[in-house]
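The structures considered in this document are given below.
Two complexes come next, and they have one chain in common, subunit A, joined by subunit B in the first and subunit C in the second.
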Partner chain A sequence: MRATILRRIATSIPTIIISTMLIFGLRYLLPGGPVQAMLGGGAEGEITEEQIAAMEERFGLDAPVPVQYWHWLTNLLQGDLGTSYYSQQPVTTVLGQRILPSLELIIGSLIVSILVGTALGIIAAVRRDRPTGRTVQLMTGFGLAVPDFWLGAVAAGTLGLALGIFPAVGFTPLSESLGDNLYTLTLPVLVLAVVTASFLARHISSAMASALDSPYIRTAWAMGLPPRTIYLNCALRNALGPVITFIPLAFAGLVGGTVLVESIFAIPGLGTEIMRSVTSQDYPVVQGIVLLVGVLVALLNLFADVALAFIDPRIRRSAA
Partner chain B sequence: MPVMTSTHRAAATGSLEPATGSGEQVLTVEGLSVTFSTSRGTTHALRGVDLALRKGQIVGVAGESGSGKTTAALAATGLLARTAEVDGAIRYDGVDLVSLPEKKLRRYRGRHLAMIFQETGSALNPVIRVGDQLMMAARAHATKGADVRQRVTQALADVRLDDVDRVMRSYPHELSGGMCQRVIIAMALSCGSQVLFADEPTTALDVSVQREILDLIRGLVDQRGLAVMLISHDLAVLSEVCDDLVVMYRGQVVETGPAEAVLRDPGHPYTQALLGCIPTVGGSHEDLREITAEQRRLIESVDEPVVHGSGGGR
Partner chain C sequence: MTAPTGTEPATFQTGLDNPLVPAVQTRRRRVGSSGFGLVPTIGLTLFTLMLLVSVAAPFLPLQDPLAQTLSDRSAGPSSAHWFGTDMVGRDVFSRTIYGCRSAFGGIGIATAVMLLIGIPWGLAAGFSGTVVDEVLMRVADAFLSFPALILAIGVVSVLGPSLENGMMTVGVICSPVIARLLRSAVLPLRDAQFVQIAGSLGVSRPLIALRHVLPNAMAPVLVQTFALAAQFLIVQAALGFLGLGSPPPAPSWGQDMADAYLHFTSEPFTTIVPGVAITLGAWSISAIGDGLREILGRR
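Let's turn to the complex of A and B:
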């Protein structure tokens, strides 16, 4: 088992190096380039060649690109992600202020999605020839098809504005009040969870359905095991593989989802910061966010692989 | 002569199984019909089948695929698809299993009747240790406070698996096909099954392992007084271990009787045709025949099943 984990970590090193290169290259791929962005990217005439040269020298941008990359990387390893062009604050500070609401949103949605998605997936598979199962499939199909900006707007309008059950917009930080924090996050979390929960339900139900058709489940029936044991103990364990593989993917999807949901509900998180930094060409912040999300997804992938090896002995053996 | 062997066996195994129990009918199938209705029409999988399983005996059921042999066993264990319409009676211990609702029938599966299948490797759950699977099944049928672990290790020893601890710790992919089949038989035993439906249990195994599993089943039948229905398309396999033979064709029993009598003097053209399909050592390849269209017409022309002298002679 330890060998599996070490090997998995070793193979992820090249991936990480390549992704840092891509993230670094970001600022050269986007139109205008970093200097223009820093100087405000105004009309052509307003920026002189001298100004550009001075800026380039000041930020080390006149050095060859590989050298710049090396500087950036060594700073990165020391926890220095650069300074925001916009607020002149260190990127780490900006991210630190923004990350908590988004993590709350994403983790909350993941938990809701896993609970609801697993339950719906099991029901859809177990009752697949009956009206209950078909209804669930219809529901999850709808959940997949509905765009979250539409759902967010409708939820904020009905449950928020019209009925007043939840606040339509606004956010109370965790540091002020836990109760209010959770209260303001409920609606955004639910909206964000709809697509992920539906996806997960589909994944689980197809994996469960194929497990339920397998000879070992027939053996379990033939030996008179109670249905609950057969579904939850025998079949679900075999259906967990695709679910675990799906979680890092769901996380990445949820990060994208926060951009919309945070804008709709006016939550000062990473999602709104992504919007702001991209539109104002604040490259250090964009790089910081992409790097952060990339590292989190890579870590989740690592956990998923280890978890897979843990639940399926055949994977453990082939990897060892 | 059969009576003598039976007493002899009981004496040899001590108090395990009293000889008086041998031969008693434990499960009877009367006029069993199974129909599947689909959008493409109705299929009559079984059309009025009668048969009986006796304590301490193996009834072999032969027939080509589609003859209904598996359907009969699935009907008895209540494992047919929900779309199946079942008529007739399956009596076990004074109860008609056909009329029982699924919830009650479930208490009979494992504890009284069990079914094992052709797949060996995939018939056990790939992600659960063999020992845990056995314990899970045995626990589902054990009374509170019973020593389930002891029952399971005993059952593994009964199916002659050596190194019980290693087997218990293994995952199914770490065991051979023959060992998996033994584990599944042990599972049925540890649940308390008295009647075993074995659907082609040796078809997926090599010839030498096939032999061992058949010997094992025969041994369990003799020592524990199990009643077994052994399903196979292969008359050669059945002729080696069965007491009685039932030959099925298109959902009906066409010939039945003591195995010896059926094989020596097959009365139905279908049985004769099946016997023509068994390869014999030294026989040339041309002797092996598929069933021809002409034979089919002959088979269909016989309305009544051929019944040899009572199979319950013991």
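Let's turn to the complex of A and C:
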């Protein structure tokens, strides 16, 4: 077991190094370079060479690129992600203020999707050649195709504005009131969960369908085990792999989803901050967010692989 | 060289599982009318219809999607305007039809870029093996740890909002998905008998890869391409919604929705119609993919 974990960590090191290089390289995609973006606003020729040189020196942008990368990386390892060009606050502070609403949103949707998606996936697999199963399959098909931001807009318009059941926009922080916080998050969480739950249901139903076709399930039927035991204990357990590998992917997908859903529901989270920092070319913040998401996804992937090895002895053996 | 075990994380947010197609397919099952199920057939019909309409839009008896009739703003459905008019009196039906053009154009760009990068990437990794494989796959992993939509937003905001910029970026970001999938389909073929025979006959390695290995490994790539193309449609609309698609007057489902949704209570049609169009478009494409998987998995 320990060997499996260590091996998995070792293989993720090069990936992480390449990721940091890519993230660092992002800022060189800018046509004018970061200085141009920082000074911003000025028309052509309004920014003097001296100003640019002064800014470059101040932010250490005059050093050779590998040196800059090294500085950035060493600062990063000390928890210093730089300073926002826009608010002049440290990036860690900016992210710290923004991360909680988004994490609530993402974790809430993950929980809802896992509950609903697993249930739908089991139904679709068990009743696969009957109307119930086909209906579920069709529903998840549409669930995958529906744009979450549209669903959000329609939900905010009907349930929020027209009927007034839920607040259409706005957000109450967790620190103020737990009840109001959950109330304002209900609609966005449900909206985000539709797509994720459909993905998960598809994963589970195909994994479970192939488990149901395998000889050991036939044996279980022949032994006269009750259907409940066969479906939930025998088949579902073998179909759990996709659920576990799915979580990191769903997390990454949900981060993308928050960009739109947060802007529709006016939630001050990472999603709205991504939009602001990207469009105003506030590079340290962009890098910070992409890095944060990348690290979280990488960690979740690591946990997922370890968990897989833990539940499935075949994987443990093949990795050893 | 790492063996393609089931432990590797699945490839992308699309949720469609990687179809494990038998490595070497010897017999081809005849694709009869019953082979492509009912739902995929409906999807294919819908997709073809939308494609035809988007190509033929300028020749159809539609109202000008850009013409503003200010006396006729925010009107409900009528015989003149089937889906009503928007804030500035433009015909919603006509804009929806014209929106097909940028939607399918966007999908085409992203898919082409993704395949052009992903296929050589995966083929090289899977067929060359060892060091090259390891390096190429680690780069793919690094790519995949980035949220695609965020990178697309970033690149578009730097290069300027346009359909082409956004969708090309999306294609580049998604190419490792194809690369990984193709690699795992190519790996078992590397030492297959027909490859060894071709080698012993003196066929060069690149030619073997292209002519003998690639066609036999394309099935899962084809299925995944449809699943991703459906997502591209949604991403295209999302970029439009954020104001990063085609610049404003042009009809675009995402952009039109963004303009309309704040006035949802007074004119719900302008928000609902583009969303239904996106959903149907994305659904039809993924339904085709599902149908293909059924056929290719069975043969």
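Heads up, the rule we're going with is that the second predicted complex is superposed on the first by the 319 of 320 C-alpha atoms of A that agree within 3 Å, B and C clash if a C-alpha of one lies under 4 Å from a C-alpha of the other, contacts with A are read in each partner's own complex, and residues count from 1 in each chain.
One rule holds for everything that comes next: a contact is a pair of C-beta atoms (placed from the backbone, for glycine too) under 8 Å apart; a residue touches a chain by one contact, two chains touch by 3 or more.
No experiment lies behind these values; they were computed from the predicted model shown.
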Both complexes share subunit A, so when I overlay them there, do subunit B and subunit C fit or clash? fit
A:Thr15 contacts which: subunit B (first), subunit C (second), both, neither? second
Subunit B versus subunit C as contact partner of A:Val94, first or second or both or neither: neither
First (subunit B), second (subunit C), both or neither touched by A:Ile122: neither
Regarding the shared-chain residue A:Leu190, is it in contact with subunit B (first), subunit C (second), both, or neither? neither
Touched subunit A residues, subunit B compared with subunit C: C
Touching partner for A:Arg202 - first (subunit B), second (subunit C), both, neither: second
Quick one: classify A:Val286 as touching subunit B (first), subunit C (second), both or neither. second
Minimum C-alpha spacing, chains overlaid - subunit B and subunit C, in Å: 10
So which bits of subunit A does subunit B touch that subunit C touches too? none
Give every residue of subunit A touching subunit B within the complex, in rising order. 129, 214-216, 218-226, 229, 233-234, 237-238, 311-314, 317
Residue numbers on subunit A that touch subunit C, as the complex places them: 11-12, 14-16, 18-19, 22, 26, 29-31, 138, 141-142, 144-147, 149-151, 153-154, 156-158, 161-162, 198-200, 202-203, 206-207, 241-242, 245-246, 248-250, 252-253, 255-256, 259-260, 263-264, 274-275, 278-279, 281, 286, 289-290, 293-294, 297-298, 301, 304-305, 308-309, 315, 318-319
Which residues of subunit B touch subunit A in their complex? 77, 79, 82, 106-111, 114-117, 119, 122-128, 136-137, 140-141, 171, 173, 184, 187-188, 191
Touching residues of subunit C toward subunit A in the complex: what are they? 2-3, 5-7, 9-10, 12-17, 39, 138-139, 141-143, 145-151, 153-155, 157-159, 230, 234, 237-238, 241-242, 257, 261, 264-265, 268, 271-272, 274-275, 278-283, 286-287, 290
